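Note that the chains take the letters A, B, C and D in the order they are written out, and that residue 1 is the start of every chain.
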Amino acid sequence: MPTLYNRIANQNLDRLSALSDGVFAFAMTVLVLDLALPAAGAVHSEHDLWRGLAKLAPNLLMYLTGFLTLGIFWNGQQTQLNYIERSDRDLTWIHLAFLFTITLMPFSTKLLALFFHYRAAVLVYWFNILLPGVLLYTSWKYVSRHDMIRAETPPEIRAAICRRVFIAQILYAVGAALCVFGSLWSVAFIFAVQLNYAAAPRLPRRKRADAPAV
Amino acid sequence: MPTLYNRIANQNLDRLSALSDGVFAFAMTVLVLDLALPAAGAVHSEHDLWRGLAKLAPNLLMYLTGFLTLGIFWNGQQTQLNYIERSDRDLTWIHLAFLFTITLMPFSTKLLALFFHYRAAVLVYWFNILLPGVLLYTSWKYVSRHDMIRAETPPEIRAAICRRVFIAQILYAVGAALCVFGSLWSVAFIFAVQLNYAAAPRLPRRKRADAPAV
Amino acid sequence: MPTLYNRIANQNLDRLSALSDGVFAFAMTVLVLDLALPAAGAVHSEHDLWRGLAKLAPNLLMYLTGFLTLGIFWNGQQTQLNYIERSDRDLTWIHLAFLFTITLMPFSTKLLALFFHYRAAVLVYWFNILLPGVLLYTSWKYVSRHDMIRAETPPEIRAAICRRVFIAQILYAVGAALCVFGSLWSVAFIFAVQLNYAAAPRLPRRKRADAPAV
Amino acid sequence: MPTLYNRIANQNLDRLSALSDGVFAFAMTVLVLDLALPAAGAVHSEHDLWRGLAKLAPNLLMYLTGFLTLGIFWNGQQTQLNYIERSDRDLTWIHLAFLFTITLMPFSTKLLALFFHYRAAVLVYWFNILLPGVLLYTSWKYVSRHDMIRAETPPEIRAAICRRVFIAQILYAVGAALCVFGSLWSVAFIFAVQLNYAAAPRLPRRKRADAPAV
């Protein structure tokens, strides 16, 4: 009964997407809630307030990093789900595990914001980037193996999605390795990689039209 | 007027799903917010930070348990809703009651994380697994009795959904009963049951294709 | 251009629903976050923990009331939106105002939980039930006047939706008025009204099939 | 392969909408969570409680302002997305940047509520209105340039969306500039502009039917 099955499976994907959007939306918003206001008692002039706000700049930057990370993984997951025909129990649990690593992101980001000069914080943060990457890779391998990719998906996209996760994770690993020279090198490198994925120069437009919108 | 009614009822199910996804997404994310960072004042070296993080391991495990529980119930509810044709006022309220028990989950999980060596905490946690199970069972009985299951649903799926809730709840009850030997036995047993539902060996693939993706 | 307009308007309703579900999901979940765990320092035995949990019972009941209120209004809004054909700017803002009153619900509920023996708390809570009721009524009057109800909606449903809001609000007002005898009378009466809307005896099933699933 | 691409792109827009609704829903609800209850210790009579609640009025007004701002931007983004045919990577990141500025809104609003008599707080708040406005403008310019607007969109709507963002931002800038006379002038002016966009007199209905429901 293909009709019944397809409808159910598709609905599954819809609800998985909705759950994911909820988790991402919450994680993205909650990051900024930790930006503490300047203490009212310490502010007696415009100058005091500007200075209090300026002190928040490093935190704000760290939260921007967290948001970028979440945005990149949200894009990555969405692109995959767009090309997947149906879901099953295993795939659902791979994505639930992926979402679990996403819910840890506010913790890792706060840890990095507070202890950015410690290698431990950088490594935890990197591990929190590695895990969802591995799970997205697992998810794509799983759907490839079990014939769950939409039939119309051109082969170059199938390869591109794997390659994309792979290259990104190598760059992040390089970033993490840089912490032998100092944790700030790692933070700066990882931030640069993320900015690149979010906003950097891209292939000419004609080409991109066929590429996954990762 | 079947057309009007169907459209409205379906939309009802869509909004019930959306509300449920929101509640689950929030409950899943909020669990991890309670992971307290190591106190900055107590960290003077990489070693201190690693030790501070290691101390979080039991909490992290407890939160993983909470996430597993939420994931299992999310899957269970979703599977049911996929096979349900339309909603009505009673069914909506059964699912709202189900969602109420879900919103209690972060409380029970925190309680268990803080007092895992007390039987009271284990029993409260088990009760918080029992309640949504009973409500999902009630929901399925209700739609069976009122002819609200999609016509194409094969009979073996109708039975499987009931059996599934039933067996899981018996296992959880056994887990809860183990707390006469000590609360940690209960926690370990319930965690094992949950891991089994999320990741354990399954029927061969051909068979599973027709089974509900619980 | 009716095709363009309809598509856009429908999508508007979809996003309004999605935003509403998000707001409700968050408000429902956040209520329970305020259930404070028993203090670890005060718990030295199973008995202490049970007693600590028992002390939470009144709070839990109050939160259940808050959840019921949110569930009732979620149902009320959903039923209306199901019968509405399209949205426009005014209707959107009526529903945004409605959502604003919903976001105030966790505040009013906490206020009532903390000060349930004060009339002021009861009146604020009642006002927080009155406002969304008035806005749902305004919304239905607006769509009736501007011909925005789905054409197939039978006249008895059009009347039923108004009547429903009206009767409920009269009962809540009676509940609020009872606080001249003591605030607990109000709380008990309002809770009873809400339980009635959620779970009480209903019309025989045949009849209900045509009535709005409020 | 236009069919494949369209389906994927549309799904992208759906998930972008869902993520946005989640972020907005959370930001809207979280604003009110900061409304602190009157301290139980300071309340000994009905009178005390009413006075404690009255003291919250300025905060409540500030939160209403925040909610209005979020509502206006939610409407603005939704209107754009309704007229957009498909998404690509750049557009997605423009909207993620937009959402980042939205997540900052609870921070800016709390800052303004606490320091409304300081110009710094007003300017930060204004900047937090300017940024999402600029990003919505960028988004519309981008889809205009890359032919991503739905073909049936009439030219007057294309122009209207730009004009709308432009005029609103000029009014907000005027409001911000008023803070040379005192920060309260700015707050009052910006609040008046927002109320106007949410609830003020509008074009006669016939005309409005063709205009974007911003």
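Things worth noting here:
Criterion: a residue touches a chain if its C-beta (ideal position, glycine included) is under 8 Å from a C-beta of that chain, and two chains touch if they have at least 3 such contacts.
Owing to the predicted nature of the structure, the values given are computational and were not obtained by experimental measurement.
Looking at which positions face the partner, chain C and chain D present mostly different ones, since fewer than half of the interface numbers are shared. The pair with more inter-chain C-beta contacts, choosing from A-B and A-C, is A-B. Rounded to whole angstrom units, the spacing between the C-alpha centres of chain A and chain C is 35.
Each chain gets a centre from the mean of its Cα atoms; for chain A and chain B, those two points are 25 Å apart. Multi-chain contact residues of chain A, defined as those touching 2 or more other chains: 18, 21-22, 25-26, 30.
By the touch criterion stated above, chain C contacts chain A in their complex at residues 22, 25.
Residues of chain C touching chain D in their complex: 1, 3-5, 7-9, 11-12, 14-15, 18-23, 25-27, 30, 87-90, 92-93, 96, 99-100, 103-104, 106-107, 110-111, 114-115, 118-121, 124, 146.
Here chain D touches chain C in the complex through residues 17-18, 21-22, 24-26, 28-33, 35, 37-38, 40, 43, 46, 49-50, 53, 64, 67, 71, 74-75, 78, 81-83, 150, 152-154, 198-199, 202, 205, 208-209, 213-214, going by the rule given at the top.
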